[in-house]
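Presented sequentially are two complexes of chain A, the first with chain B as partner and the second with chain C.
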Partner chain A sequence: MDVRSQISMLFHLDKCIGCHTCSIACKNIWTDREGTEYMWWNNVETKPGTGFPTQWEDQSKYKGGWESDGETLKIKSTGKGRIVPNIFHNPNLPSLDDYYEPWTYKYSDLFNAPEGDDQPTAIPVSKITGQPIDVKAGPNWDDDLGGSKIYAANDPNAKKLSPEQQMQMTAIERLVFFYLPRICNHCLNPTCVAACPSGALYKRGEDGIVLLNQERCRGWRACVSACPYKKTYFNWVTGKSEKCILCFPRLESGQAPACFHSCVGRIRYLGNVLYDADLLTEIAKRPDSELVEAQREMILDPHDPAVIAAARKNGIHEAVIESAQRSPVYKFVKVWKIALPPHVEFRTFPMLFYVPPLLPVMSTKVDGRLDNQTAGLFAEIDQARAPMAYLANLFSAGNEGKLRYALKKQMAVRISRRQATVGDISKETADRALAEADCTREEADEIYRLTALATEDERFVIPPFQREMAIEMVEDPQEWKQSAGFGFRTSPQAKRL
Partner chain B sequence: MNDFVLFGVLPYVATVIFLVVTIQRYRQRKFTYSSLSSQFLENRQHFFGSVPFHYGLLVVLAVHFLALVAPDWVLWWNSDPVRLWAGELIVLAFAVLTLVGLVNIALRRAIHPLARRVTSAGDWVVYALLLLQVASGIGIATLHGWGSAWFATSATPWLWSLARMAPDVSYIAPLPWIVKFHFVNAFLLIGFFPFTRLVHVLVMPNQYLWRRTQVVVWNWDRSRIRRVDGA
Partner chain C sequence: MDRKRRSSWRATHWLAAFVLATGGAEAQAPSEETIQYFKQNCASCHTIGGGRLAGPDLKGALQRRDRDWLVRFVLDPKALIDSGDSYAQGLLKEARGVVMPSVPGLTRDRAGKLIDLVDAESKLERSQFAGALVSDRPLTPADAALGAELFRGTRRFAAGGPACISCHSNAAIGGLGGGLLGPDLTDAYSRLEGRKALSAWLSAPPSPTMAPIYRSKPLDPDEVLALVAWLQVVAERGDEARSPPMLGFTLAGIGGAALILVLFDFLWRRRFRDVRKSLVERST
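Now for the complex of A and B:
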């Protein structure tokens, strides 16, 4: 057992209001530089929709992630053998057209235009060439356009559905959409790392954050095509790739990443989990339908004495183990099993999990009144506007059982809360719902608490990074005293007296 | 005298600049050690420039290198006219491939607005020098045939005399002007090399082929942490 600690994340989609505050927080801190304007390390997509970059989920187009025949595990784009002939031209590189050409407006025209009969206008100009451009698409162009023939109908998850189900999703009065906020998943088996010819990408051992060493990156762009979530981006000014760093400078000082911190709906949770890295290669070759369970298998119980002993033996600090025991992500994913990884069939094992949304349901009527008492307590799940198969394509590699379990449990929690607070549902009905959803009353109360009432400290359980200890062991903390000041990127030669 | 400056001094100047700046840039400005790709901004034409250019150039350079280190073998190969013809034509074909790729690259950089945006003055110097080099090389191959034969008996001993620090330019004195131009331009390329995008040649990711698939970097020295904890 090779126990490691991994910072993992959880987004509760039922709480996301699609306000994009997270995207803006991230953009203002990290990607407002030239060359990064088009990058959205954090973005919020409307689903069903085509996403960003357009149709990123369609790996027949982008060739991201891994492929396995049960025996071998290969990078879909360019692995070791294929990088040599393809080094001069990356055959699977998305181009700017798949994202969008960044632009601004020529605001000066508003002030400098000569007097005339018409109001002056600020025309859009490209942020790359400075020339006027005809804006055809931009980030989030399909915001809130659930049901649209251009966007929702071209969602790669919907394309796998039967024509009937597809019709259902775009039919008037059955339209549905929800939001899918996305950041780098800091995967357990990251394809970007495996594909980088220069070895610039790496997983940080202590916390599993995937980072990209700018000094080592030579701009071969292999990571951009390899990442199935398209969360590594090519900076066209520096010629290097960049990606979400999970705000590690904030994490190291005990603060949640900016997108987490700014989340208005408080949908985001963060905590570390312990996992067994030894299982990775075997588990990554399992069939698609088993992958959700396989990933849960890899995540270890931090209360198990054997796991704790193995973690200690591996140099994981007591405080980090303790933090894993309080991790909200561990509860949602492994204990309650109501959170699922996005597109686990890409086999990178994303460590960002989603609580799938209980979509607007078609209500049932009995005698002209809303029915909430009859036998089919969970009928609403099957009658949800988005077909179960659609959500299963997104969150459980097509395994509807895992998805139904997560939704049923959430519904049972709702029913039990309704019984407790509104009182129009009998205790027997609530108990039956809980039993059917494999949920106890204590568990339901706990899910309710962590979903609806959790404080910041409960949502973000950040393990101490103890960089001060780590650094003291390899470096003398006094070494640079009085030599390098604030703001130098390369330290000047220290003058020793 | 002129010959001595061009073929006895310039090579050393170029080589020294190459070595000093290459090392200095790697040590102090490692971040800049690559070639700014524009494939992301323009994906289609990129293929028709970059791929033929690189593959053509690799073969042409390999043959030059062969003539330098194994001139006897090259002369033996040429002793059969069929082999001589075949060799000359194949290498010429790759040289033409290089030229076609290079012209495509330069045109694309000049015409496509996004690609032009990321093309620097240094890039244009590189393209100009390379164009002259490849064009003069093809000119030599067509005007003064059997280059593989006379290269081995003139340029190779000259280059080796340079390597022995005893430059003897008499080997190449009788060669036509276009050949001499090819030599001078080659050393100009070497001299400009460390200042330009060409440095990407030196950071070819060869270690990728035998490294472990996943890369994990530890900030902590795990064994020492263990000792401190007493676990």
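Now for the complex of A and C:
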């Protein structure tokens, strides 16, 4: 057993209101420099939709992630033989048009326009060329300006549905959408790290955050091709790639990352989990439908004495183990099993999990009217507007069982809370719903607490980063004793008078 | 290293003994190094007692001009010709305007030794440089055919030297012709006045471009004969030397490049182009 600690994340999609505050918080801190205008380390997509960049989930086009025939595990986009012939032209890279051409407005026109009969307008100008542009796309175009016949209709997750189901998703009375906030998943088996010819990408040992060394990056962009989530971006000014750093400077000082911290709906949870790295190579070769369970298998119980002993043996600090025991992500993913990884079939094992959304809960119709009687308050999850198959394609590699389990348990929690707070549902109905959902009343209460009432400290259980110890592995702090302190970074020049 | 030094010591001893034995009466015999130098740099144009090749027969040169004049001429032929020296002008006329190339690495001291060598060889009944290093058997059509292959490079030279076509062309090459670095060789046979001079030239090409290339990879005597045979055939056909087909070459280049691009476009027709644009175009 090779126990390691990994910072992992959880987004509760039922709580996301699609306000994009997270994206703006991230943008203002990390990607408002020249060359990074088009990057959204955190972005929010409307689903069904094509996402950012357009149809990133369609790996028949972008060739991201891994592929396995059960025996071997190979990077789809490149390989030892292909990396050299393709080094100056990496195929399957999204173009700027597949992201979008970033723009701003010429606000000075509002103030400097000569007096006339019409109101002055601020025209859009490209942030790349500085020329006026006709804006044709944005990072969440479907949400911003409509066009579902183009974007929602081409959601890659809906491609495998029957034409009838696809029609239903966009039918006016069954129209359904939800938001999918995305950041780098800091995967357990990151393709970007594996594909980099310069060895610039690495997974930090102490917490598993995937980082891109700007000194070593040579801009080959193999990571951009390889990442199936398209979460590494090429900076066209520095000529190097960049990605989400999970605000590690904030984490190291005990604060949640900016996008987590600013989340209005408080949908985000963060905590470390312990996992067994020895299992990875074998598990990554399992069939698609087993991958959700396999990933859970890899995540270890931090209360298990054997795990704790193995963790200690691997040099994981006591405080980090203790932090893993309080991790909210561990509960959602492994104990309650209501959180699922996005597109686990890419085999990178994302460590960002989603609690799938219970789409319009009150949605049953009786005689063409909305049923507002108590009995029909909570519809069967199979009758939800978003087809189960669609959500399963997104969150459980097509395994509907795993998805149904998660949704059913969430529904049971709601029913039990309705019974507890409003009381118009009988205890028997609630108990039956809980039993059917493989959930006890205590568990339901706990899920309710962590979902609805959790404080910041409960949502963000940030392990101590022990930087003071980590630095000792690289250099001896004693070496700087008596040489640092108040003084000059460089020795002062003698002044000539 | 050690052994080499010892053997050279031994050689010196033998030489000293020999000089002592002969009483030192004779002028010092030309060294092996000078003989090699003459072979590599002079013998392709000059014989000693073998008649004229590209340059005059050197037999008795010291009787014709004095040593000082010869040294000056050998060191810088062009300067002496340009200075208006009447004898040098005469030589130029005999050579039909071909100026003797100045020999790289030739010093005054070495020039003196070469003249000594020429003098010594002139006194012999038959000099080792009397010519005919290459056999004078009659040339056959098979020789000419082999020569054509060697010239075109379809058959490699035994010592690995580059094929003629990489720098030279001639009227019989056809197609896009040969290289343009060296002169057209259509009339090389007649220009050098036949087989003897041409074979001598080819045995150790003296021009500044060819000399360093073929010094370490000389042509085999059979190859020389074959090339001479083919160049004779080419010269006797009497075709005009063609100017290189520049327009045709350029057009073929552009056409070839375009063809390759079309081929690549076909081979990679399913390559990644774009996602969003084609999606919007399909949907609207």
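Heads up, the rule we're going with is that the second predicted complex is superposed on the first by the 441 of 497 C-alpha atoms of A that agree within 3 Å, B and C clash if a C-alpha of one lies under 4 Å from a C-alpha of the other, contacts with A are read in each partner's own complex, and residues count from 1 in each chain.
Heads up, the rule we're going with is that a contact is a pair of C-beta atoms (placed from the backbone, for glycine too) under 8 Å apart; a residue touches a chain by one contact, two chains touch by 3 or more.
Quantities reported herein were computed from a predicted structural model and do not represent experimental measurements.
Asker: Overlaying the two complexes on chain A, which is it for chain B and chain C: clash or fit?
Answerer: clash
Asker: Please work out whether A:S95 is in contact with chain B alone, chain C alone, both, or neither, and reply first, second, both or neither.
Answerer: both
Asker: Count the residues of chain A touched by chain B and by chain C, then name the partner with the higher count.
Answerer: Chain A has more residues touched by B than by the other partner.
Asker: According to the stated criteria, A:Q131 is in contact with first (chain B), second (chain C), both, or neither; which is it?
Answerer: In the superposition, A:Q131 touches chain B alone.
Asker: Just chain B (first), just chain C (second), both, or neither: which does A:Q55 touch?
Answerer: second
Asker: For A:K427, decide between first (touching chain B), second (touching chain C), both and neither.
Answerer: Neither: A:K427 stays clear of chain B and chain C.
Asker: Classify the contacts of A:P190 with the two partner chains as first (chain B alone), second (chain C alone), both, or neither.
Answerer: So A:P190 only meets chain B here.
Asker: First (chain B), second (chain C), both or neither: which does A:K203 touch?
Answerer: After superposing on A, A:K203 lies in contact with chain B but is clear of chain C.
Asker: Tell me which partner A:R449 touches in the superposition: chain B (first), chain C (second), both or neither.
Answerer: neither
Asker: So, A:G239: does it touch chain B (first), chain C (second), both, or neither?
Answerer: A:G239 contacts chain B only, not chain C.
Asker: Which of the two partners, first being chain B and second being chain C, lies in contact with A:K313: first, second, both, or neither?
Answerer: Touch partner of A:K313: chain B, not chain C.
Asker: Can you give me the overlap between the chain B contact set and the chain C contact set on chain A?
Answerer: Residues 93-95, 97, which sit in both footprints.
Asker: Which residues, counting only chain A, touch chain C once they are in their complex?
Answerer: Residues in contact with chain C: 50, 53-55, 58, 61-63, 91-95, 97-98, 136-137, 149-150, 153-154.
Asker: Touching residues of chain C toward chain A in the complex: what are they?
Answerer: For chain C paired with chain A, touching residues are 271-272, 274-277, 279-280, 283-284.
Asker: Enumerate the contact residues on chain B facing chain A in the complex.
Answerer: So the residues of chain B in touch with chain A come to 28, 30-31, 33-43, 46-47, 50-51, 53-55, 113-114, 117-118, 200, 203-205, 207-209, 211, 213-226, 228-229, 231.
Asker: Which chain A residues qualify as touching chain B in the complex?
Answerer: 80, 83-84, 87-90, 93-97, 101, 128-129, 131, 189-190, 193-194, 196-199, 201-206, 214-215, 217-221, 224, 234, 236-240, 312-315, 317-318, 467, 469-471, 473-474, 490
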